[in-house]
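Provided herewith is a single structure, encoded as structure tokens, for subsequent inquiry.
Which chain is which? They are A, B, C, D, E, F, G and H, in the order written, and residues in each are numbered from 1.
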Amino acid sequence: MQIIVNGAPEEHPDGLSISDLLHAHNLSAVPCAVEVNKNLVRKPQHDEHTLQEGDTVEIVSLVGGG
Amino acid sequence: MQIIVNGAPEEHPDGLSISDLLHAHNLSAVPCAVEVNKNLVRKPQHDEHTLQEGDTVEIVSLVGGG
Amino acid sequence: MQIIVNGAPEEHPDGLSISDLLHAHNLSAVPCAVEVNKNLVRKPQHDEHTLQEGDTVEIVSLVGGG
Amino acid sequence: MQIIVNGAPEEHPDGLSISDLLHAHNLSAVPCAVEVNKNLVRKPQHDEHTLQEGDTVEIVSLVGGG
Amino acid sequence: MTTTETAAVEPMSLAGRTFNSRLFVGTGKYPDHATMTAALDASGAEVITVAVRRERLYNEQGESLLDAIDTSRYTILPNTAGCFDPEDAVRVSRLGREILEQMGNPGASWVKLEVLGDKKTLLPDPTGTLEACKTLVADGFQVLCYSSDDPIAALRLKEAGAASVMPAGSPIGSGQGILNPANIVLILDLLKEHDPTYPVIVDAGVGTASDVTLAMELGADGVLLNTGIAHAQDPVRMAHAMRHALDAGLLAYRSGRIAKRKYASASSPWEGVIAHIPGE
Amino acid sequence: MTTTETAAVEPMSLAGRTFNSRLFVGTGKYPDHATMTAALDASGAEVITVAVRRERLYNEQGESLLDAIDTSRYTILPNTAGCFDPEDAVRVSRLGREILEQMGNPGASWVKLEVLGDKKTLLPDPTGTLEACKTLVADGFQVLCYSSDDPIAALRLKEAGAASVMPAGSPIGSGQGILNPANIVLILDLLKEHDPTYPVIVDAGVGTASDVTLAMELGADGVLLNTGIAHAQDPVRMAHAMRHALDAGLLAYRSGRIAKRKYASASSPWEGVIAHIPGE
Amino acid sequence: MTTTETAAVEPMSLAGRTFNSRLFVGTGKYPDHATMTAALDASGAEVITVAVRRERLYNEQGESLLDAIDTSRYTILPNTAGCFDPEDAVRVSRLGREILEQMGNPGASWVKLEVLGDKKTLLPDPTGTLEACKTLVADGFQVLCYSSDDPIAALRLKEAGAASVMPAGSPIGSGQGILNPANIVLILDLLKEHDPTYPVIVDAGVGTASDVTLAMELGADGVLLNTGIAHAQDPVRMAHAMRHALDAGLLAYRSGRIAKRKYASASSPWEGVIAHIPGE
Amino acid sequence: MTTTETAAVEPMSLAGRTFNSRLFVGTGKYPDHATMTAALDASGAEVITVAVRRERLYNEQGESLLDAIDTSRYTILPNTAGCFDPEDAVRVSRLGREILEQMGNPGASWVKLEVLGDKKTLLPDPTGTLEACKTLVADGFQVLCYSSDDPIAALRLKEAGAASVMPAGSPIGSGQGILNPANIVLILDLLKEHDPTYPVIVDAGVGTASDVTLAMELGADGVLLNTGIAHAQDPVRMAHAMRHALDAGLLAYRSGRIAKRKYASASSPWEGVIAHIPGE
């Protein structure tokens, strides 16, 4: 299936969880937050939340800002 | 019946039109505007608009302002 | 003899009056003022004032200024 | 003899030195400076400088200022 | 060589009409009607503001404002002064229109919209003003909209259809002039960006003539004021001053002022100096 | 009630003569003579400044300044620009007088005295200016004396007999306007204390119309400027602007402006408001 | 006699917590992480702001911000910079909270809310900011709310439940300082009227130390800044300067400054002067 | 990367000696000696000014100034306050030196020269100050010379041999701060042109901490003040404020502040924003 992650299309197998996605990007141990289709999915739901074809995912962290 | 005109109670006979009210206050010939219960009643309706017990009437004109 | 006029050396015959000098520069009819060795020589003296070898002469007029 | 000290007339015996005057005012031990007739008399001269009838003396010290 | 055929100040377009005067003056706070009418005349104003208030039903008040003014001469611009929520401002706007329509005055569809936020500052409420502006525009009004000098608040009012946005230089009647010229410049930038003739009128806070001149030099299209004239010791003379001040500022803005320099630049030539110049 | 018969600006007395215009303008730095003469006309000035410079003996320069100007119309005020010591300033003053006497111009006994202290700032040397002022007064000149805005320096020049003290708003040609209005006010206080008609003219630094208006609102008697007009993109239009600006400032000063207040003061009455007023 | 036991600056209460430092600094725009951490240390700040941005998934970026900072030392305040509508600002606020909760940082329920109105000025949209503020307060956030210096806009944000209102001195990163001190004073008046400890923090526009001192002298509770330090030529030294500047302003505000006088007041006594005093 | 080993403020060289503090404070106008000594201590000053006055011969006055102060700790700088002509200023300078020599104080050859021009403004007389300065320099004094902010007057005093020129920000004790920063900058330009360490100290007019910070940000070497501390409601706390303010200004000046920009410059990156950005 195709999903949009941080603005770019990615191919992933069906049934991909958010945890799987973070793992695929080496982000499992990094403080970050995930939004699917503009709704925050909190960390305790990352294992159980299965992504769907066409989902728009944002994975964000903290950067320098004012 | 009693109505409130410009903030003060007034006694008037039933069936009083806006035109009657303006006449009673010597305002028939003066440029002014009338609101009944916060709704403007435009001049062509002044004859036909009959006031009701408890109506709140505002009769306004133009004064110096900035 | 040599004199300095408006910063430049000029050769003139001995006995030159200020009026002669102005005439030589086509300034006879122009409103201007003349200083010799930092002293003003007023117009009525222009005929009689004879310049000397080594005199420093300034001939000035009015220009745009603020 | 009469002298003026800090703006006020004072009577003193003839032959009064500056040191005598300071002593008379209990100022011998106080840091101060003395002027006679608008001329500073430095401390080493205080013993030998004899005041004269009509002298104007200023005895000054330091006060709070900005 | 740059020359100018004339020093005439070009007319201003506002709400579909054209005005020779860019000074808009109020009619409040004058010591008497004669002073007011003389000051209006001296100001050269073509548009004057008025307030909508209850008729005094029981105590006679002598000559009314409308008796005192030659209403055929002026576009009368009713304001919503005293309104603190958008509903009241809309009611008052409609009442003002009703009166001016009876009079056949061209200001009938116009309103100077004020939705105030606070009694001490009389500064506008940005959200309430925006809401009332939208309602009035939909109801066919030409909304001349009082605003703070907040550039985004001003921009939103233009986007909502205001015929003119009128930022405050400082609080109404305070005489503090233009406290933040940089904000007026940002408002002009934002509102005129793709619409250079969009009219921005500095309203409120003017204390003296130089405030008006400065407003125009910043690029404003006009100035609206009341207390600065009405409460001056000599209102009529001050009205003359304000008229000159507006022309001065507009002409200066159009003339392309010199840039500011840190150091001096001589007005007279160095060439031909007979004096000793240090270092030469 | 306070009214005014007229908005006429009262004339100014200066060096024993009376002028209707309080704007004094220079003749330097114009792109050409036609622009200059049009700008002089537009400014309404009656007194114009000129510099004294060497005749160009060898290269012809076309029309001279005196050919371009209708000298019968103006009082011509020669300056000592370019002088850095009192002796040179006195020499130049006498040369200027000599020329103007030949012309029969009323400016013949006048001089705009400048004794400069530094080439970067062109600010005056206080001690040198004072010395030259004394010499020229003794020699019968009417000295219009350029000064810094130092109040004591200005006071000393008045005491030395200057016909007018002319403090700089900011460096010549800098366009920075009046950098320290408080000092101009102190100068006016000190110089007019027992002599309220003593003329103080703000000279130098004017960049745009509001600078002129401000100068007059502070209480100055007049303004002298050159670069602000001559180097504007449209000098003639700017000359009109400056004229309006001066009238605006003088009228405003005479009108008694409102005091500044921290909070607002409503222009429209609270009485008779039909809207809900918070807290009432 | 008034004395002071100590020059200690009293702590500040904000969103239910207490801070010894009233300087809030951003983490953006530093030349490198080492300079940033040294500057944060020099500033004495206890609260630092960060932005929420997409992870860079494909190109490695070396050390991350969170690796560089000792996060146990600071309250991390995530902002919503880059958001132009309330919905986006709410999304970003929740994402920031999610990250900080994972880190156990006390800033987890806090947000520096920005809802911008325009890309050139980066000034806030008053209506959008108010709407987002209400949503976030209802969602349990402590909202530190960026505002313009419009007093009514600021008041509405307090009324909506903002933990602090943070008016801009001038546009973000512009270095123009506090363009309208009178508006900051009005904000302090309105927001503290019945609530004197309500925290008002001047945010944005600070260019140099005196801007910070002035903000505190006006009565602000703190100052938030970023570019003024990060883009100074020597950021660490400037961070020291800003810390001193804040203490200077707060102490001065608490000390009761002298009133301004038009004329002088001698520091040294007139009594006992031996010199001739004119007029005496 | 730019780093700084330390935030230490470099010492200042003045009249051949070196000082860690750049704040010079007066000893006048305090409510009592205990407040004064505490304020002097809090200020960190190493040089303090005093006046020379007649001994009170008949009425005892309790503890004298010199009893109250630990004179071994401070360089005592006697002033000539109250003098209106150069002769009196020279007399008073010599009297002050006489006393300080007896005390063995390093201020013995120093004088803060004031030759005043007027009792209302207490501004200096430029010509009289220059004359006294020359006399005192010839007599071996280190002259710290009070001046107006007139750049040429200041330059002439340096040329006459003053150890430091000390321009007034505004009249003594007026609390108006620095009325004309542009003039202070011109003074710094002229006096430091070929002599960058020549000390310029802003003296007079300081009302609050930000005035001190601004003076240092302009590039001054130090600040001298009295009334701003002594007449504050809490002088000791204000002395702390002034000390922080000076460090803030000096550090900021050395840090290279950001330039002012008309428009905003985001503190947080645009890259990686998840929100909708208008026009993108």
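For this structure, a couple of remarks:
The definition used in the following text is that contacts are C-beta pairs under 8 Å (C-beta built on N, C-alpha and C of every residue); 3 or more make two chains touch, one makes a residue touch a chain.
Owing to the predicted nature of the structure, the values given are computational and were not obtained by experimental measurement.
Think of each touching pair as a link: the shortest run of links from chain B to chain C has 2 of them. Among the remaining chains, D is positioned farthest from chain E, on the basis of C-alpha centroids.
Averaged Cα coordinates give chain D a centre that lies 72 Å from the centre of chain E. Between the CA-based centres of chain C and chain D the separation comes to 66 Å, rounded to the whole angstrom.
For the pair chain A and chain E, the distance between C-alpha centroids works out to 54 Å.
For chain E, the set of residues that touch two or more other chains comprises 26, 28-29, 49, 51-54, 79, 81, 91, 95, 120-121, 123, 171-173, 176, 182, 226-227, 230, 262, 266-269, 272, 274.
In chain D, 6, 35, 58, 60, 63-66 are the positions where the chain touches two or more neighbouring chains simultaneously.
Here chain D touches chain H in the complex through residues 5-8, 25, 27, 30-33, 35, 38, 40, 42-43, 58-66, going by the rule given at the top.
Those residues of chain E that touch chain B in the shared complex are 26-30, 36, 49-55, 57, 64-66, 76, 78-79, 81, 91, 94-96, 98-99, 102-103, 172-173, 225-227, 230. Looking at the complex, you find that chain G touches chain E at residues 117-118, 120-121, 123-127, 130, 148-153, 155-156, 170-171, 176, 179-180, 182-183, 186, 189-190. Touching chain C in their complex are the following residues of chain E: 266-269, 272, 274. The touching residues of chain G, when paired with chain H in their complex, are 1-4, 7, 26, 28-29, 31-32, 34-35, 38, 42, 49, 51-54, 56, 79-85, 88-89, 91-92, 95, 119-123, 171-176, 207-210, 212-214, 217, 226-228, 230-238, 240-245, 247-252, 254-279.
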